[in-house]
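In what follows, a single structure is set out as structure tokens and then discussed.
For reference, chains read A, B, C, D, E and F in written order, and residue numbers begin at 1 within each chain.
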């Protein structure tokens, strides 16, 4: 059960409908997934989140699939079931194969393991790692 | 201060030295970073972790840079300072530009935000997202 | 399925019943929610947790609603489904409107995002932020 | 050491300077904290994050102090040192007393404890908690 | 719904079957739990994970029950439902009583609470705690 | 820098001093570590936390060393530097050898890895794992 009712398109205010329409146009689909229907209870957050997501996930120095893989890796690390499901689907649509998914999960698992090894041993940062850019 | 002393190469047992040598050969470097010097206190974990990492990070369906970006995204999400520093350096060595790093951080931030929005609204998984593969 | 059976009031030992009675009296209700019925398997933890919660959530420098909002924000960040549901209900009982809930979720999302931005960029603490009180 | 150099106002591009100026005007200060100087390496993220933060933290159904307390509670739960320091300072500026801070920390601690108790006992959500609004 | 189909023994490749057989022999059972059936979609990860787990969980300086209790404590802290269920069962098989389970949950809860108190107050590490070994 | 000043024994109020004295008597030491000196800014939380900790960590179905190992495992998973340092020292005082520490870290790492594998593959809980006790 969601915390708030899902707002269907037919019941959406003009403000919400405008965001829904942009989601459908941008993604070239006629379907709105539940995440946006839940956010529609708070039109300001719906609008801000969609605009931010559109900007962040647009092609740039990283291509859209790589961005979705990163998104999925974070969602698995945070154990967000909805986000794993929705961003798994997005990544697949952009070309993630079953083999790529399996390797992603393996890397995520390994990173979570060595993150704790490094923390548990309180490993000091090597001097040559101090400045990244 | 690390939890245990860092084991320098000059003080390493033959078992540890063999892993250190393989790290240097695989990475084409003559340098061992602190993570491995800390793990060297537990040769079994040192050996197992290195062998696992080598296998997981090898080129496969995902290329090595994409794997390092995923590793870095997890490390940022877990706030592991050492891992951010070391995997940031690895990603840079494999070609991550400053622009790619900035986009990665932006995606990680966004994913952490929407993970909580989806959880907070307890959004139910859409039926069409239920099976990934 | 819970890890342990839920202890109903009718089956409660005198020690457990005393805590249940205090919960009902303090909250002015005749109903015990599942959290306490699960803890009742470990009467010492039931008693200690209830006493602590009563003390921590009592009006003080912060009012009870603000405390529940903070509790809810933590529960969303930890993705604790049960706690989101129960503390959401408590906050609503104390006056949280749907608009307040939506703003809380938005702040929680934003905080989770910028927490990762600050960690990812390893931003050093400004000198004037070093002493809080 | 930050991952990227901090961009001082004197070295800022016009795009970055415009955001810095709006931060100073909005906060009625002549000082920019390190978080924004780090984000300035990625002007798009700087601009988007500031606009989002300004919108999310504006007075609404929740007052600005309550929003800062929620922000601080999330930052403590995520162990984000920078964010604890900066949002602690913001909350103090808006009226958080030492007593309020201490109560906030106590609630955050308690919530983190009971979140794990509820998860560990796998407590099922009570039917009457299922719909929040 | 799992992300990938569960691979039953009857449909397993020889490589997967060899791991399944070793799991059954090592655990003295004729049953494979779902975790391994999911990993079987990625035989390399299945093999590596099983070999690592077998090595890490073998009796050593810590006995197998203590190791399972630690595993369970981490799984509760990470809110991993599957892992709580499977490692709870493993710990019980090795001798964890209901009382031991309840005490474990209480310690996990307490640790999660004081972890946030220490972080929230930004408590500096005492000099005499700096070197562990 | 701590968020609040550390309260030294010489400056402690009678209420705080009573807790400090009990800590010293219970632990058979004449030394108070920084955690308690920070909590002393909030005498109610100091008192409640110490009483809870004393109760939770007392010998029961689990011995004190096992409890400290669990505490340490949680603290590593949460990356709480102070807690790793202080509970590492407590565990060592109770008999944790360097070998036991290394095995604990290895188990914690492994659990963090497989927690993400199970979540990432969304592995359904096996029916026979559903009831623990």
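In the analysis below, a residue touches a chain if its C-beta (ideal position, glycine included) is under 8 Å from a C-beta of that chain, and two chains touch if they have at least 3 such contacts.
Bear in mind that the values here come from a model prediction, so they are computed numbers and not experimental data.
Q: Please give the intersection of the contact partners of chain B with those of chain E.
A: Intersection of chain B and chain E contact lists gives A, C, D, F.
Q: For chain B superposed on chain F via Cα atoms, how large is the rotation, as a multiple of 5°?
A: Angle of the fitting rotation, chain B to chain F: 120 degrees.
Q: With centres defined as the mean C-alpha position, give me the chain A-chain D separation in Å.
A: 21
Q: For chain A and chain C, what's the span in angstrom between their mean Cα positions?
A: Whole-Å distance between the two chain centres: 27.
Q: Mind pulling the residue numbers of chain F that touch at least two other chains?
A: In chain F, residues 1, 3-4, 41, 44-45, 49, 52, 56, 77-81, 84-85, 88, 98, 101-106, 108-110, 112-115, 117, 119-122, 130, 132-133 touch at least two other chains, as defined above.
Q: What is the shape of the graph in which nodes denote protein chains and edges denote touching chain pairs (line, ring, star, complete, other)?
A: complete
Q: Please give the residue numbers of chain E that touch chain D in the complex, ascending.
A: Where chain E meets chain D, its residues are 76-77, 79, 81, 84-85, 104-106, 108-110, 112-117, 119-122.
Q: Provide the residue numbers of chain C that touch chain D in the complex, in ascending order.
A: Result: residues 1-4, 33-35, 38-39, 41, 45, 49, 52-53, 56-57, 60-62, 66-67, 69-71, 73-75, 77-78, 80-83, 85-89, 92, 97-104, 106-108, 110-115, 117-126, 128-130, 132-133 of chain C touch chain D.
Q: Okay, in this complex, where on chain C does chain F touch?
A: Those residues of chain C that touch chain F are 1, 3-5, 41, 44, 48, 52, 55-56, 130-133.
Q: For a test of understanding, state which residues of chain D touch chain B in their complex under the given definition.
A: 3-4, 41-42, 44-45, 49, 78-80
Q: So in the complex, which bits of chain E are touching chain C?
A: 79, 84, 88, 98-99, 101-103, 105-106, 109
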